[in-house]
Each structure stands twice: as C-alpha cells, then as structure tokens.
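Across the two complexes that follow, subunit A remains constant while its partner is subunit B and subsequently subunit C.
Coming up: the complex of A and B.
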C-alpha cells in the first residue's frame, strides 16, 4: 500500500468515537420521547405517542411554538433585507473603506449574547420594548444579520462584477440592476442566510430570558423552564419535534443549493 | 467622476439600513453596559477593584478560565481527529462525516443540554445501565457539576473546532503525503513531520474560536452545572436578575468583552475571522 496515505487505527478510532459522541446523545431523545412510562426513561412494554399528544394538544406549548415561529419569520425578514443590501453595498464599495462595516456586522457572532442581553434589558426599558413582540424581533433580527452577510458575501464572491457594470453601462438604474441582475444570481445565498437567521431566532434563549417575561414566552423559554422545573417525557417529545424541524430546514437548504448548482 | 461618485453614494445607501440597525440596536446597548460598569453604584472604578479584592469574583474568573481551557483542549483533540478523517476520506464518506459535524452544529443547544441531562442524571440512562451491568452499586454524580459542564461544552464546541481545522487541512497537498509514504516514511513519521506542522495554523484558529466562544457561554453551563459551578455568564446573569447589582454584573461583562477582543487582536495574524466564519456555508 505504498503511495497512498490513510488515517491509522488510532486516528480512525478517535474520529469514530467522536462522531458517536456527537450524534448518539442527540439520537437518544427519540426512544425517550416514545416511552410508555410517565417519567424520563426508555420504553418498557412498548412505544407510545402519548407524549407527543400531550405537547400537540397543550395550548401553552402550541402558543409558544406559534410565537417563536412568527418572531423568527419577522426577525429573519429583517436580517435578510438589511444583511443582503449591506453585503451588496460592501461588495461594490472598495474593500478598505468597508472593512470597519464588515467587522461591525460580525460582532454579534463574537460578543457573548449575555453581554448584549443585559445591555438590551436596560436599553429597551425606556423605549417600552420589554416583553414586546417588536422588541424580540429587533434583538433577533439585528443579531441574525451576520449570517446573511456571510452567506450573501460568499455568493457574491463568485459573481462576475462585469455583469453589473454592463447593466449600468446600458443605462439600468441602481434599483433595476439590483432587481434584475444581482438579486437573481445570489438568490441561493440569500435563501441560506434566511434559513440560518431563522434558526438563530427560533433557538435563541439568552436574550429572551432578559427582554421577555410574560406576554412573550417563546419555545426555547418554555423548554428552559421545563428543564429546570419538571423533567418529563413531554420535554423529549418537544426535543424530537425540534430536531426534525431543524433537520428539514437544513435539508431544504441543501436541496436548494444542489438545484442552483445544477441549474 | 461625479457620476462615479453618485454611484458610490448609491451603494453606500444600501449599507445604511444594516449599519443604522447595528449601531442603534447593537452597539449602543453594549456601550451602555460598558458605561454602567464605571458609573453604578457610583462613578469610578470601584467595580473593577473587585477584580483584586473580591474572592468571589476571582473564583468565577478562575473557574471560567479553567473550564474554557480544558474544553478547548478536548474540543481540539476530538475535532482534529474528525477533521483528519474527513480530509483523508473518500469523497462519498466525506459527505457522511460532514453530516456528523453539521447536524449537531445546528441542533438547538437546549435540546442537546436536555439530552445530556437525560443521559447523565442520577436516575439517567448511563447510571441505570452501569448499575444493571453491576459495574457500580451507587449512581455516579455525572451532571450538575463541573464534569457535566465539560461533557456538554465539549460536545457543543467540537463542530466549531472542526471547521477551521478542516479548511486548513484541505489545502495540504495529498501528493506530499503519498510521496513521503512512497519514500519509506512510516505513517507516524508522515503525520508528525508533514501533516501536523502544515495543519497547525488551523489548530490555532480553531483554538482561538473555541476559547472565545466558551468564555461567554451561558445555557449549557447553567443547565449542566446545576447552579453550583458558576461560570462568568451565569454569574453576570445572577448579579443582574437576582441581586440587582448592575455595577458588578456589567463590570464582568466588560472584562469578558475585552478579554475576547484582546485574544482576537493578538491572534489576528493567524486567524482570518472572515474565513473562519465563511467555512460553515
């Protein structure tokens, strides 16, 4: 076998062990959610869907799911519009003068959300945005911008700037160039950004713990309370629903990218 | 010239909404945190003196640094193994390995913490199994302590460690490795004298990324630590929500931000931020 180079038994073993460590704990919630017992355990005498039924017929869980969903839709719309325009602007204006803008846009990924959350807690008070739908949408929307800026910038990197110059040279306005030349070409990047911004808002807990209390009670907040107060199999059912939902979003993203690469 | 100037202004106009949003609703609240740390309960640096005088503050900082260092080391080791396997795998196997990295990355951190609680608590699946097999007679304390925090944090951080290392390893020319093998080097020698040195920049980038993410981590340590082992983020939240000590809470928050920014600046030569975050897509 001279001439090729593969991982040795130790390297391969450690990689496999790590993969199992990453995936198994996530998979374990599936049998736990299907348990026929009243407490967190593996199924004993057979599987049962009653914990899913508990969740899907509970007005509290459904209310939180709906709230999280509408917040995530509104927040990702905000991130997508602001982030896409910003990425296009930064791409066309010279690199050096937009460096500071790029750094600012990445900050939400670097600064811990706890710092932002306590800042918002004070900042939103006087503005009347605490425990409001709009407040959470703004917080999630602003912190979702980096995901869109990254995916759209990646899409723009493969875009030939001469196309844009040609359109402008033939008399297209800025808006027309955007609408008919640039946007259609970077749509896959925008979709990816939208999906990531959506997941970001949908899963976000730390900010919500500080800026929302009673009227806005998102799904992560309800899960948090559940983990801290009563660990029952209904929590596992919620976890399974969330895993399925996240996976289908990721698969949708993958499929969209495949199609755009093929087409 | 003036037409070009107008065009440029048009492009700047596109940047404006995001810039305003970030300045007004992101930068301003964070600057306010910094301001509160030197103005409450009274103006001055009294809050920062606690860094030298208060044992409680020092304990939190030491705990945070200890847990972050161990997490970073373990995440790098495990992440390296995965990135190494992906780099050397066949294209088809590569897709499956990537899935093993990306799926956990996007699954809710709450779901993952919940899964670990299910597995590790006293009556959890791991303890039950070990007792059934007769390996232990008393349940082990696997969660609601520092061990639990480490298990959960490393689990969260491994994918973040893999991505920067992977992008560096992919640039290593496989012919180099094959040539060394062909010239009679053992697998261990090839790894030590070619692969490892060439992948070191990726390891450093991954280490910086994992370390700064760990510093401000809140949810996993709060759930798996059970309130006994306090890390910086949970301590800040405690100061503000329960003890209403804004000065102290914002002081540690400021220290946290400064520590992260300084780490990034020190390593900015090795770590290209944009590239680091770009690899996820």
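Coming up: the complex of A and C.
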C-alpha cells in the first residue's frame, strides 16, 4: 500500500502462514492427481496423466459429471428466477415485513445443511421426489436462493429509484420497466448470483447423501464414495478438474463485475 | 414538434399527510394553458410533494388534480402522459442518448422509423444532434439536462414537470440554461410546472409563482406582483431580501398613512391596516437611497454603518439606526457618493410608496 507503513515481520509471517494454510490443501491434490502410483500418493518415479485418462473415459465419472452439471444448471436457473423476483419484490415494496422476508430467504445459509437434509428426506418421501433429478434440483435450487437474493439486493441498493419513477412517468408499464430499465442495470448482480448458486449445487454433498441413492449420483457423491471404498487417485484428478472449473467460473464473475464497474 | 396548445392544470384542496405530518395542506391553484408555473419554497415546504402528486407518484390524502377540468387524481403516472425532468435527470445510464430519448416512444410501441424521426426532432430542439450515440456519463451536466428535457418532450406530453431542473449545475451554466428553458417554453407553448427553491430562477422563468411554506400556499401571482406586493413577511423575505419596519398606524391620509415607530413617523402610501393597529412594513434594500447633504426624501433616517460589503455592481450596507433597528441598503456602486466605512454616519431616504405593509406570518 502506498504511503503507509508495512507490516512487521510477525504480521507478515502470520499472513503468509494463513495464506498457505488456505491454499495448501487445495494445491496438494495437483501432484496427487499426477501420481504414477495406483493409490492416493505423491508421484514416485515420474508424473503421469493416466488418472485423468481414467476419469475422462470412465462412463461412471462422466455420467456423474454430466448429472452434476445438468442439476447445477437447472438448480441455478430456479435460484435465479426465484431469488431475483424476491429481491426485486422486497426492494419495491420495502416495508418492515419485506426485511423479514429477506431474512427468511437467508435461512438456508444459516441453518446447517444436515438439518435441512433431514427435513427434505422426510418431506420428499411421500412426494416421490427421493432419488429423482427433480428432487435434487428443487433441493439445490431452493438452498441456492440466498446467494441470488444477496447479490441482486446488493445490485438494487445502488439502483437509483428515480430511474424506475422516470420510466413509469414516461408511460412504461411495470413489465416494460422491469425489462428495459431494472433488469439491465442489475444483470451483473443476477449473473454473480447465478454463478454462486451454480457452485453451491455443483459441490453440494450432504443433501444429496440423504435424498439421492442410485439413480442420481452426482460428482461430489461419487468422490465421497470413492474415498470410502477405494483410494483411487482418479478422485484427485476429478478434484483438480473441479478446481479448474470453479476457478474459471469465479474469474468469469470477476471479469464481468469489472466490466460493469467500468461501464 | 407540432405547436400544440398546452393544457390547463388545476389543484383543488390538495392535501397529503404522512401520519401526523401534513406535507401539503389544502392547496388550490390553477395554471392556464401554456403557462409557466413555478412552485417556490424552502425545503420541506411541500413543493416537491405537490409536483409528485401532479405526476401521479404520490396519492393525495384529499383533494383533486384536474387536467382541462377532468379529474385525473386516480390515474397512475404511466397513464397521465406528462413529461418530467427529474432532479439529477434520472437518465438511463445503460442507454445511449438516442435510446434515452426514444424510451417514451418505445413503451408506446411506436415503429422504429417514426421513433427515429421524433428523436431527431427532439434532439434538434435542445441542440444535441451530435451526441446521439454517447452514454449519459460521457456528457456534461448541462448536456445531460438537455437530454432529460428532450426525453420529457419527445412524446408531446400534456404537461412538462420539472423537479429542480437546474439545481445540479454551476451558477453560470444555470443562468444560461434558464434562458434556454424560457425560450423553449415560448417556442413550444406547452404548460410547464417547475419546482425550485431558487428565487432568482423562479423570478426569471415563470409566468406565475406559487410560494409555499409548511405545506401551505402562501401567495400566488406573477413575479413582479409578488416581488413588489408581498402579502406576508415570509414572502417578502423569501423572494428577494427585505427590511422589516414595525410600528403603529396613526394618521390615515388620502394616499396612505403614517406609521409611528417610537418617535419616528414614516409616510407610507397605499391602503394599510386600520388606525391604531400594529403594522409591519417590508422595505426592499435597493429602494433606499443614500442622501447627500441637504437632500431630502419622504422618509429619512440617520444611522452608522455597522458592516458593508462590495458586490461589484453595488455595495450592501448594514446601517444601525436608533429607532428602526438595523437597515440593509443596496446602493449602485457607480453612483455612490461615499466610500463606505464602518462607523460612518449616513442618512438614508426612501419614497412613501417604497415600503409596503405585509402581514405577520401565521404561526
């Protein structure tokens, strides 16, 4: 930082230690994924891409990746529509009651997901939603709503309410105002929310363990089972692929935000 | 843009309460076709609330808004067909100048070709033809203001509402745009309703000024009438500056009366309150003259200069007098016979028709 005093050696060391502590567990899977051994270990005689090959040719792994992907797409679509409408509704009405609604919408973030999962298990059984694509989409979509409500509400906080008044004053209906004035202004917020909702569904395990068993077998679920049953380094390869994918999503979000800030 | 005759607006007993607070209190007024009305008042006087009620953004607690005699109170803003220039302009930041101006036409489902022609005409009107593809943030404040005007006028609105349209601009630009706005009003002959707290803007732009205070309409009239014959102390003080002289009405004469303030008798023209009652006079600082030795006037008072400031075109003196308190006088610099200095004894004089009786404000 310009013009300020730097941190002392202790502070500097602590900062680095914290950063490493956060990063190492993530980075350790990279060499593990490149191991030439048949079990989870660091490379011994050289690096190899065989485990990546295993993953990318195995119908089980590919099936799970595809299933996780489609679930995450459908779930984030659900989160985006519901979360955006909720945020806009609360913003427009803006009374004390809407503050309560907004807090209620954050519940899935606050309540431990295992509690949620137990509830869903009891509730989905009679509805025939257990071990169904739709069931997992609903579970992930609903628990993804908070991310969208937060990001869209943040975007709306900087939205000048006079723009809406101006649009209405010039004869625009509510729908026209929404489409031409409000939505284009809060698009970056909606997009951020969508990315977070997607990531939320993409790596969600606890609920899937409860409400899915055989037909719906998502990627985190397969990694979980892999860890429990055999120590196949293919899991490390999957983990690397997940990191790359998630990282690129976050970078996309960042780039988009920067563009909208410049714009 | 076609030269349409404007529409007439009337408010009848307009009232808006927020809980126990009355923002607008029983305001009735009329604006004739093609008139430029300014709602003038300090902040919190209810002027913006009235404008918002006319626009349809605020639902009145009581009273009606009439357009050409028809009640439009229940109509939502999008059904009223009024153009509005918002405070801060409220241009859509993600749309180009042309798209901003085209917006009211787009929501009316007008074809692109018709839209383009109208947008061009509107931008011509405000001399912004060259800026069609810019985004609002690439324009200066004055240009943004013109885009807002073009956008408010492009769909031939029945009324043009202006909410402090010039308040965000610096003083010089404000004066320039005031003239443009006035010329525009003359050219298109539409009815304008303007809200401002700037009394100079109100005086220079308006056909009619409505002065508001605490939600009540205090006085309405043409600028000259309001300035020369304020009805209350508030109006005299808010519209320009004023000295206030207090006294008791004594002898009534054919053309006026004498006001007794202590040992001083002031000659005042015009009808005043009944003999024996207390009266308050408003005396504009520029109506006072500095009297030379031997010179005289209807009313003369002596005092010492307590403070003065040089204003370029004139100088402003604060003169402490024995019986009338402090009196402020503004004298044209080019014919000032003295070099003002604190402590200097001066004689001030004014004509009997310079001061006008005003009412004390209702508490």
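One rule holds for everything that comes next: the second predicted complex is superposed on the first by the 256 of 263 C-alpha atoms of A that agree within 3 Å, B and C clash if a C-alpha of one lies under 4 Å from a C-alpha of the other, contacts with A are read in each partner's own complex, and residues count from 1 in each chain.
One rule holds in what follows: a contact is a pair of C-beta atoms (placed from the backbone, for glycine too) under 8 Å apart; a residue touches a chain by one contact, two chains touch by 3 or more.
Being a predicted model, the structure only gives us computed values, none of them experimental.
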Partner contacting more residues of subunit A (subunit B vs subunit C): B
Subunit B versus subunit C as contact partner of A:168, first or second or both or neither: both
First, second, both or neither for A:217, with subunit B first and subunit C second: neither
Partner chain in contact with A:12 - subunit B first, subunit C second, else both or neither: first
Partner chain(s) touched by A:243 [first = subunit B, second = subunit C, both, neither]: first
Touched partner set for A:28, first subunit B, second subunit C, both or neither: first
Where subunit A meets both subunit C and subunit B, residue numbers: 168
Footprint of subunit A on subunit C - complex, ascending: 55-57, 76-84, 86-88, 90, 92-94, 103-104, 106-108, 151-152, 155
Contact footprint of subunit A on subunit B as seen in their complex: 7-8, 10-15, 17-19, 21-23, 25-30, 32-33, 36, 77-79, 81-82, 84-85, 88, 97, 100-104, 106-119, 121, 123-125, 155, 158-159, 174, 177-178, 180-182, 187-188, 190-191, 212, 215-219, 223, 233, 236-237, 240-241, 246, 249-250, 253, 256-257, 260-261, 264, 273-274, 277-278, 280-281
Residues of subunit A defined as touching subunit B within the complex: 2-8, 11-12, 14-19, 21-23, 25-26, 28-29, 32, 40-42, 78, 81-83, 85-86, 88-90, 92-93, 98, 101-116, 118-123, 138-139, 141-143, 145-146, 149-151, 153-154, 168, 174, 192, 199, 203, 205-206, 209-210, 220, 223-224, 227-228, 231, 235-236, 239, 242-243, 246-247, 250
Contact footprint of subunit C on subunit A as seen in their complex: 160, 162-163, 165-173, 176, 180-181, 184-185, 263
